[in-house]
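Consider the two complexes below, in which chain A is the common component and chain B and chain C are the respective partners.
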Partner chain A sequence: MIKAYASRAWGFLKSFQLTIVLLALLMCLVLFCTLAQVEMGTQGAVDAYMRSFIVWNQPLLLRLPFPGGALVGLLLTLNLLAKTIDIKLSWQKSGMWLVHAGLVVLFAGEFVAGMMQVDTNLSIEVGQTVNFVQSYKQMELAVIDVTDPTWDEVYSVPDTRLAKGGAVAIPGTPITLNVKKFYANAELSNQGPGAPPSLATAGIGAGVSVEERPVVSADNEINQTSAFVEPIAGGRSYGTWLVSVALGAPQSFTHEGRTYTLAMRLRRQYLPYAFTLKQFRHDVYPGTEIPKNFSSLVQVVNPSRNESREVLIYMNQPLRYEGKTFYQASFGKNDTLSILSVVENPGWLLPYVSCVLVSLGLLVHFAIVLRRSLKRRQDKKEG
Partner chain B sequence: MPKPPIPLRRPSLTPANSAALLGAGLLLMGLGCSSDQVSHYRVPKESASAPAPMPAMPPKPMGERTGEPSDVPPPPKPKGSLKWSLPKGWSELPGGGMRFATFKTPYAGKLEATVVVLPGPAGGELANVNRWRGQIALPALDEAALAKARTTVTSKVGPVNVYDFTSEGQTKSRMVAGYVATPDGNTWFLKLTGDSDPVAKAKPDFMTILGSLHLD
Partner chain C sequence: MTFVQKYLAWGAGVLALLIALIVALPSGKARGFDVSGFGTLPILEGGRVKPLDSLARNSLLAIHSRQGFRHEGRLVGPDEWILDVLFRPQVADQQPIFVIDDPEVISLVGAKQTKNRNYFSFADLSTHLDEVQKQAASAQPIAPQKRTRFQSAIVNLFDRVYLYYKLRNTLQLAGSPGLGWELQSLGTPEAALRHQDLTQLAHFRMLPPTTAANPDAWLSVGQALAGVQSGAGVHPGLVPLAKLNAAYIANDAASFNTALAEMNGVVTTLKPDALGHASNELVFNRAQPFFVGLSIYFVAFLVLCVSWIYKPELLRPTAYALLLSGAIVHTIGLAARVILQGRPPVTNLYSSAVFVGWGAVILGLIVERMYRKGFGTAVAAAAGFASLIVAQNLGTEGDTMEMMRAVLDSNFWLATHVVTITIGYSGTFLAGSIAIAYALKKHISAKPDPETDKALADMAYGIICFALFFSFVGTVLGGIWADQSWGRFWGWDPKENGALLIVLWNAIILHARMAGYVRERGTMVMAIFGNVITALSWFGVNMLGVGLHSYGFMDKAFVALTSFCVSQLVFMAICYAPARFWVEKPRSRS
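And now, the complex of A and B:
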């Protein structure tokens, strides 16, 4: 009985019908995801449609559940694996094996990218030196010990941790942050007469009203992430502070001779090396405003490798360095600001491996079929 | 005697193997989840090396940098509100969000004049001045350099500290900022920012505004 069910399941898993249905679902997802990008932005739409197992609560789909890209991709991979295993293991079928293996690697590459790829950016002005990349959307509350005249000790509390509320111990310091309220997005304004008192008892926030806003994900929007936090150190409370991306003014407190600043900002990842932008070029075709070239000449300084060299990053010619790829992405401030898109994808080689395998497989298969065909023709002649 | 060739065996994928594959996929998904851990970095002081760069997509309202329409009503006038007289051709637009007021200037070009009021010392003069310098990619100053960069304008509310900074690079940005604390404990920031040329043209008028400051 169980064997019969297993056999039927196996037959279903390796069926072409399943492949067709899954490919049709994938086409629908691509269409929905493209349409959704208008409202949700690229990353928001990709996360909602392509990198989820089930698409929930989307107005475009009348809020009905729909299989997400991760589920369809996983089933397609299993379907492909089942089909591959079903191919006869012989030299005659080696081309087909290679082609199918290449496709499996391609799917695996997309899973690795979906789960492990980190997209950040590096904004740098001419003459400036930058040693960190920052997220496009994710935030952090940076608690920075600025006491040392040379170094800053930066303790980063991710927004995802702040959202959970409660006490957050800052390791290596006597500080515990008590997160009293967290807003994924909010709008700040000066407090009016008769307004309810602010939760903040210290810093700028005491005179500021905070109103919660819906979270935004469009490419040109950013959440004004805010929180009320109470630093406690050595059993003493340093008051409740409002920290927000919308607040530019610095806020700090001193505990036992050490000064700590609080700043809500885009999440940073510090690098063991630094980039200095020496020149940014935005060339146009003569007599027109049509861009011909964007390029950033950067000096890469990496003390751990005793390295200091110039690199030119331009369109379609990224810099691959220490596991990250730096692409020329945008510019601003009258061509004095260069924005590099930074991608860290441990599986970046997999699509290339896949292309090689598929190409090789098709060549092998073609050679085998050609040989067989020629042999048949020869046999016919002789026969 | 040579060993016989090992027959090729077709592998089989059972339901159990399929489940294992699915499990492996889900495990990989788990590995991809971002961590909630507090991370620690020891980095060279930004003020000693470089100003913070602007984000690729700057937040809409950034403290005194707000300039876009807002559905939050204009800010209320704080006690002991600061007043000013506007030169000919200048007009005042209502503020919004954290911004107290915006000035419309008669000068063409990329230019903006804003007023922001924050309670208390708002982080202090040095930190705020260095933040402004960071916005136009200038390195931070220490207390001695700050005192050197400072000029003052006399007004009825007291001396107004004025800073005038111009960025480096091909297209120069310039910022003229007035910084004054009022007796109610608030700190006022009046800023004129934009491309160097239009800021230079508007600066005499802006200095007149700073000189005209008085309490309500």
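And now, the complex of A and C:
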């Protein structure tokens, strides 16, 4: 009985029907995802369609639930694995075997990228030294001990933790933050006359009204994440503060002789090494504004490796360093600011492996087919 | 095939090649002036050194949508036109070269729509320039895909008028006595102002760099005059240029040709390779290999259609020979572009259309050699013709050998990723075209012919395999390029998605056929749908206006693309029509 079910399940998994249906579903998803990018931005659309298991509210087909990219991809991988195992290990089938094995690797690569890839950026001005990368969208509330003028001690609370509200103890300090209200996106304005009083009792926030806004995901928009927090230390409240990405100047309070600043900012990851931008070049074709090349000459200083060297990062020539890859992405401030995009993807080699496997497999397969058909022609002629 | 038939067939092919050669030969002097010699002079524009002739053709294409026009009973070519614009603007201003199609724009410039195409001279437009500029200025901030028809048309007109205005103020300020006078009246404050205007309005730089230290420092006439003023000495090119100017105004052809030789001498001394390179490009421009190629493909297609009803033994080989000579012209043109540009064949949308057509024609030639049914010829000629028509339309937007923007400036990836993926497009289109031929043949031919049907199905199948290989490898190579330049292998960018759709669709066709869900006819219907997918991913994503790949937005093409897709759906319906539509006689009697 169980054997019968298992064999039916196996038959289903390796069936051509499943392959075709899944490929067709994937085509639909790719189409939806492409069209949705106009409104949602690339990242938003990819998260909604490709990185989800079920798309609940797709706009193009009567808003019916639709299998998401992750589900289709997973099933397709299973189908592919079943197929790969099922293909008889014979020389005749060796090409097909290679192709399907290569596809499994390709899918694995996309899964690894989807689950584990971290995209950040590093913006750096000429002459400046930077030892952190920052997120494109995610925020953090940084509590920085600035007492020592030569050394900042940074503690940070991610926006996802702030969103849960309640009390957050800051390890390594006597401070506990009481998150009174959190806005994933908000608009700040000067408080007009007659407006309800602000939740803030200290800092600049007392004169500011905060209005909640829907979360944005388009590529060129950024959420003005804001929160009201109350630092408590040694049983004493230091007032309720408004912290927001929209606020420029940091705000600080002093507890037992140590000064702490509060700042909502893009989430940072500190690196055990630092980059100094020595030169940024923005070359154009003569007599035009058409860009020919962008390049950043950086000094990489890594005390742990006792390393200090110059690297030129330019178009199509990234720097791969300590598991991260640094690409020339953008520039600003009259060509004195260079923005490097930073990608950390442990599976970056998989597509390369896959490409070799599949190309080789297809060539082998077509060679075998060609030989067979030539032989058939020969036989026909002789017979 | 008798000897005479063979002789006649190949004779037709050779004749087509001869015609192509004649087109490439230099034309005579216009009114005694060596205008094509003037067009050979190298200039710096759009970031590269090219002959003045290329600029003249592209500007005239942009303004007039043709490379020449009839005026006062004479055909005016691009080189003669640019001479008038540069040196005798008062003459050029009277030539009705501005095409305006939009009725609202026509009424804005104070005229009535009289015929389908309406031509205006710069003089006609000059009294309405303020209004055109005002309207264009209010439309320009709107994103191109959100503009109304009028807004697009007015911005388009303004761009063309501005181009013309800049051209007529590049070598001398329009209305001034000329360059010779400019050289004599140096040193006054008004002169300095004029040099400033000339520098700002200059559309191109004609004076080669005088120092080897800075090989890209070409100068415009305004810059060179300002240089004289500030004590940098007279640029050796200014004097012959002034002589050319004076001789042209005075209608003195002999002095013009002498001054031209002098100018050539200056250019050769300062930039030894530039003149040779420019004259090669001029020959390429004049030969118009892609226009000649598409004409030959058209004739080949017609001959083949006739062959089905009249003298097939003679006409089928004739069509094949014609297709072959079209392919030779096409190949030479493609090779010339590669050599002139120093880049792999596909660098922009225009060249991708040229290359897709070329790939389809070469594949079609091979298929015809293998099966000899005439279908390979028909489909290849039609595909080559159609894609070159698309290329001709894409080529009206400016220099087709434009410089590559930073990310794209990589010959290795242009040669691998872009070429393979474009071959994938070619294959998918060719398979779709064969499927259309199959569907039409089934309906038109009176008696069933399973052998030919089988041959067509085999052709389509083989080409789909070929296309799958190239589009897959091309897509993955694109991923690797993206990994090298943007830091991710796959970003679900619209262009990447488009390529993926082609791969997925071809994979579906092959799996469905392998599993036996579709047979001959089903495969063909699916192959036709491949045309829709390929067209959408090739052009459709450029219309979305999002993503890293959207470097060529086109709005006019939207209508063309939609009608193409609808036509393919109709062909699918024809191909899928129930059995009783397939044969004339009822089944029971056959």
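We adopt the following convention: the second predicted complex is superposed on the first by the 342 of 383 C-alpha atoms of A that agree within 3 Å, B and C clash if a C-alpha of one lies under 4 Å from a C-alpha of the other, contacts with A are read in each partner's own complex, and residues count from 1 in each chain.
We adopt the following convention: contacts are C-beta pairs under 8 Å (C-beta built on N, C-alpha and C of every residue); 3 or more make two chains touch, one makes a residue touch a chain.
Note that this is a predicted model, so its numbers are computed, not measured.
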Task = Would you sort A:S237 into first (chain B), second (chain C), both or neither based on which partner it touches?
result = neither
Once the shared chain is lined up, is A:L74 touching chain B (first), chain C (second), both, or neither of them? first
Touching A:K292 in the superposition: chain B (first), chain C (second), both, neither?
second
(Q) So in the superposed three-chain picture, is A:T129 touching just chain B, just chain C, both, or none of them (first/second/both/neither)? (A) first
Message: Contact-wise, after the overlay, does A:V168 reach chain B, chain C, both or neither (first, second, both, neither)?
response: first
Partner touching more residues of chain A, chain B vs chain C, is chain B
Fill in: Touching partner for A:A206 - first (chain B), second (chain C), both, neither
first
Practice prompt. Considering only the touch criterion stated at the top, classify A:A6 as touching first (chain B), second (chain C), both, or neither.
Written response: first
Exercise. For A:I222, select first, second, both or neither according to whether it touches chain B, chain C, the two together, or no partner.
Key: first
In chain A, both chain B and chain C touch residues 329
Given the complex, residues on chain C that touch chain A span 44-48, 204-205, 216-218, 402-403, 405-407, 409-410, 413, 465, 468-469, 472-473, 476-477, 479-481, 483-494, 497-498, 500-501, 504-505, 507-508, 511-512, 514-515, 517, 541, 544-547
Seen from chain A, its contact residues with chain C in the complex are 16-17, 19-20, 23-24, 26-27, 30-31, 33-35, 37-38, 42, 45-46, 50, 106, 109-110, 113, 117, 119, 284-288, 290-294, 315-318, 325, 327, 329, 341-343, 345, 348, 351-352, 354-355, 358-359, 362, 366
Chain B residues touching chain A in their complex are 8-15, 18, 21-22, 25, 28-29, 31-32, 34-46, 48-51, 53-65, 70-73, 75-76, 78, 96-98, 100, 117-120, 122-124, 127-128, 131, 137, 167-171, 173, 186, 195
In the complex, the residues of chain A that touch chain B are 6, 9-10, 13, 70, 74, 77-78, 81-82, 85, 88-90, 111-112, 114-116, 121-132, 134, 136, 138, 146, 148-158, 160-161, 164, 168-172, 187-193, 203-204, 206-208, 211, 219-222, 224, 245-252, 266, 270, 329-330, 332-337, 339
